[in-house]
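Below are two complexes that have chain A in common, paired first with chain B and then with chain C.
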Partner chain A sequence: MGWLEKLGAIDRRIIYLLLALAVTLPLVFPFALRQHVDRSTRGVFEAVDRIPAGGPALLISFDYPPDLGAELDPMALTVLRHCFARGVRVVGLSLVPTGAAVGERIMRTAAAEYGRRYGTDYCYFGYRPNAAVIMQSIGVNAKDALPADNQGTPYDSIPLMRTVRNYDDVALIFNIAGSGTVSGWVTYAGGPFRVAVAAGVASVMAPDFIPYLQTGQLVGQLGGMKGAAEYEQLVADRGYAPSRGTASRAMNAITATHLLVMALIVIGNAAFFAARSRRRRPHPAEAGR
Partner chain B sequence: MADKGKRLPLLIVIVLGTVFVVQYFVPSRPSQGLYRQALRWSIVMGLPAIVIAIDSLVRHHAARIRRRQAGWGDSLVYLGAALLMAAAGLAGGVGEGSLFMRLFTYAMAPMQATVFSLLAFYMTSAAYRSFRARSAEATLLLASAFILMLGLIPLGAAIWRGIPAVSEWLLLVPNMAAKRGLGFGIGLGIVATALKIILGVERSWMGGS
Partner chain C sequence: MSTDPWIWLSAILTLFILSFLYRDNPLYRFAEHLFTGLAVGYLVAVYWFDWVKPYGVDGIFGARDWALLIPLAIGTLYLARFVPRLRHLMLVPIAIDLGFSLGNSLPRSFEYGIIKQMQGCLLQPAMLRHPFDPYGGLAVGLLTLAGVVCTISYFYFSREHKGLLRYGGQVGIWFVMVGFGASFGYSVMARVSLLISRVQFLLTDWIHIIK
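This part shows the complex of A and B:
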């Protein structure tokens, strides 16, 4: 067996160790990489950037559980930083029970960074059951769908909500999802009420919503950590945030792991072809006959 | 007689099926009210199913513990964790800062994330062992995967500015062609099955053939 073929039999424990190093080292020793910003990310950024300060609100729906937070929290934070830096008013809610606390934490964190006040600059309605009904009802009368905020404050007592009657007063719906709620927002809100919808989803789900991007039913989409890192870069480049955030650092680890996987595939194939050519080559004893 | 017994559920399905197809296309307040009411009913009707499921799970795991079957320790952990979460939720609610949410955020979520992240190790090992250019189709798949992976990382654009565009084209054109074909098939299948149920052609959901 030649050295090339031996490379085709690397012990899996060594592969696991290499992967662990590829994930951890870039996080411990970060380096700065410029992201290539794709059209779908730019679509979300431009949609948020077009909302006038103090004008129609951005409705953000945190439809993911905490275990997807590692991937989805950074995009929620960076979009909110963009909004709060520009003075865009934000209305939050969650259509999954486990997303309620996630949304509250993220909205409070981002608002505190920019000194935004609850009730006038942003408000949060927590978990609302019956997703499809909520999506439709906001379009008819938001007060019916969201009678009180997460703390029990009535709709009319929240200064921000006095100017939000229905989707006519919403510039953009941004849905951060760990499940299929994006389709719901497109079907029940975007389509019937002609309100712009954008999505932020886990990377494994991103290809599922490409048809909506192609038809314009989604104005943009952030796909996993990559989308969040691209958005962070746009936000930092325009001066809305002092620096890029967690997603950009995580992209270093993702870059290293992708390179490792590609290297291993190349090595595996080199070993495969070396073994195949040796099998095809006639044995010296047979060749001499 | 058996057919007579099936008339009422069949009638309910025909009437409600037709009404809610129409409801979807009428986003008015009465239509929303009707839909909301129907969802409330479905929640109420779904509750007994949860009770039955919990009863079944508890019986199953309790029997395993009682008989000291293989893996009875896992059953004990399961029942203990389920009881703890239920008690935490009932006693302190499920809001931010509650014991339930702390257990969920600091125990459940990291455990789920850990199990999910193990996938990366298996995928890397599997890619190394199995992703071989054995045929023309496999080579095509391999090349596409390489371009997509390079397109996902910032280094791809640094190597060649065209890589993200090629990667995007692969996702938007060949990938979408296949996905749309599948989507149309699934959509038509759903519509056909729904129509068969609403029109009473498909009755297996009532039991029997």
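This part shows the complex of A and C:
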């Protein structure tokens, strides 16, 4: 067995160890890595940036479970920082049961950083069952779809909601999704009610929604940690946040691990072809006959 | 190091889960079962407090909206699956649910899914303004159109793949492979992001190596 073949048969635990080092070292010894900002990220940023302070609200839907928080929490935080820094009013909800607590935690965290008050600057409606019905009924009468907030406060008792009747009073829907709810928002809200929709999605789903960008059904999309890091950079560059956030730091580790994965793919392929050519080559004893 | 017992609990359970990378062990299985149990318990509570109670129980017994008894009765038929003789009644709520969902979604999905996406594949005069624009130029338009036609021809099984259909299919499989490659790259980023998040938690909140 040649050295290349031995490398191909390496114990998987050594690969795990290399991966752990590739993740840990860039986090402990960070380096400044600027992101190339994709047009889809810029689309989300500009759509949020165009909303006038105190004007129509941004509707944010936290449609993801906590286990996708690694990618999607930084995304939600940086978009909310952008909103709260500019004085954009935010209405939050979740269309998946496991997203209810996630949304509340993130909205409170971002609002506290900018001193925003619940009820006037933002509010949160928690989990709303039956996604398609909620998406459509907000467009007809938001009060019917969201009768009370997450704490049970009636719709009319929330000062912010007195000015939100339906999608006419919503400047942008931002859907942070770990499942297919982006298609739902496009189909049931963006299309019929002519309201702008943007998405922030987990990396595995990002390619699925690129066709919506091409047709203009999504004004922009943040794809995974990379999208979050790009948005953090835009927010920090414009002075809406003092520094970039966790996604930007994580991109160092992602870059290192991608380099490692690429190297392992090359080594694995080289080992495979070396082993195959060895199997095809006749044994010296057979070749001499 | 952190002095918060909840952080310690989270860190220890994270290490239990990561111990599976070495080999399967009782600590990993304990953390796995605990996670599953907590997730199910949490979901039951959320469904009760955010769905059944406000839309069902409070409506019937609080607002005296007796009409709600009808959907409640239909929904209860799901439980018929536990009674062998009445198991077929479970099909009633399934049929109503499917019928409503399809009736509600079909026209909109057709209009804002299929039609819009077909329009997105067409070549438009506006593409000539910036022919090499990577997002809406003529070059990308032609590539998209070729990709869609060739990919569909690969999955067209009603005729034998000969002549133009064969060549179209062969090109189509390359478009499919490029799509899978993009998805794989994003998938690597997604899985690594999960690991990074846990490592960030261990190094930041638990050990305090990262400030």
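Just a few scattered comments:
FYI, the second predicted complex is superposed on the first by the 254 of 289 C-alpha atoms of A that agree within 3 Å, B and C clash if a C-alpha of one lies under 4 Å from a C-alpha of the other, contacts with A are read in each partner's own complex, and residues count from 1 in each chain.
FYI, contacts are C-beta pairs under 8 Å (C-beta built on N, C-alpha and C of every residue); 3 or more make two chains touch, one makes a residue touch a chain.
None of these values were measured; they are calculated from a predicted model.
Taken together through their common chain A, the two structures put chain B and chain C in a clash. When both complexes are overlaid on chain A, the residue A:F193 reaches chain B alone and has no touch with chain C. Of the two partner chains placed around the shared chain by superposition, chain C is the only one that A:V28 touches, whereas chain B remains out of contact.
When the two complexes are overlaid on their common chain A, residue A:V140 makes contact with chain B while staying clear of chain C. In the superposed pair of complexes, A:T215 makes contact with chain C only, with no contact to chain B. By the touch criterion defined above, A:A70 lies against chain B and chain C together after alignment on the C-alpha atoms of chain A.
Of the two partner chains placed by superposition, A:S179 touches none, neither chain B nor chain C.
In the superposition on chain A, A:I254 contacts both chain B and chain C. Of the two partner chains, chain B is the only one that A:H36 touches; chain C does not reach it.
Using the contact criterion defined above for the overlaid structures, shared-chain residue A:T78 touches neither chain B nor chain C, since it reaches no partner. Stretch 73-81 of chain C is the one among 73-81, 109-117 or 199-207 that clashes with chain B after the shared chain A is superposed. Shared contact residues of chain A with chain B and chain C: 16, 19, 23, 39, 67, 69-70, 97-98, 100, 129, 132-133, 136, 192, 207, 211, 214, 226, 254, 257-258, 261.
Across the interface of their complex, chain A is touched by residues 27-29, 32, 35-36, 39-40, 43, 94-96, 101, 104-105, 108-110, 112-113, 116, 120-121, 123-125, 127-129, 131-134, 142, 145-146, 149-150, 152-158, 164, 168, 171-172, 175-176, 179-180, 183 of chain B. Here chain C touches chain A in the complex through residues 21-22, 39, 42-43, 46-47, 50-51, 55, 101, 104-105, 108-109, 111-113, 116-117, 119-120, 135-136, 144, 179, 182-183, 186-190, 192-200, 203, 209-210, going by the rule given at the top.
Every residue of chain A that touches chain B in the complex is listed here, in rising order: 10, 12, 15-16, 19, 23, 33-36, 38-39, 65-67, 69-70, 97-98, 100-101, 104-105, 129-130, 132-133, 136-137, 139-141, 144, 192-193, 207-208, 210-211, 214, 226, 251, 254-255, 257-262, 264-265, 267-269, 272-273. Partner chain C is touched in their complex by these residues of chain A: 13, 16, 19-20, 23-24, 27-28, 39, 67, 69-71, 97-98, 100, 126-129, 132-133, 136, 183, 186-188, 190-192, 202-204, 206-207, 211, 213-215, 217, 223-226, 246, 249-250, 253-254, 257-258, 261.
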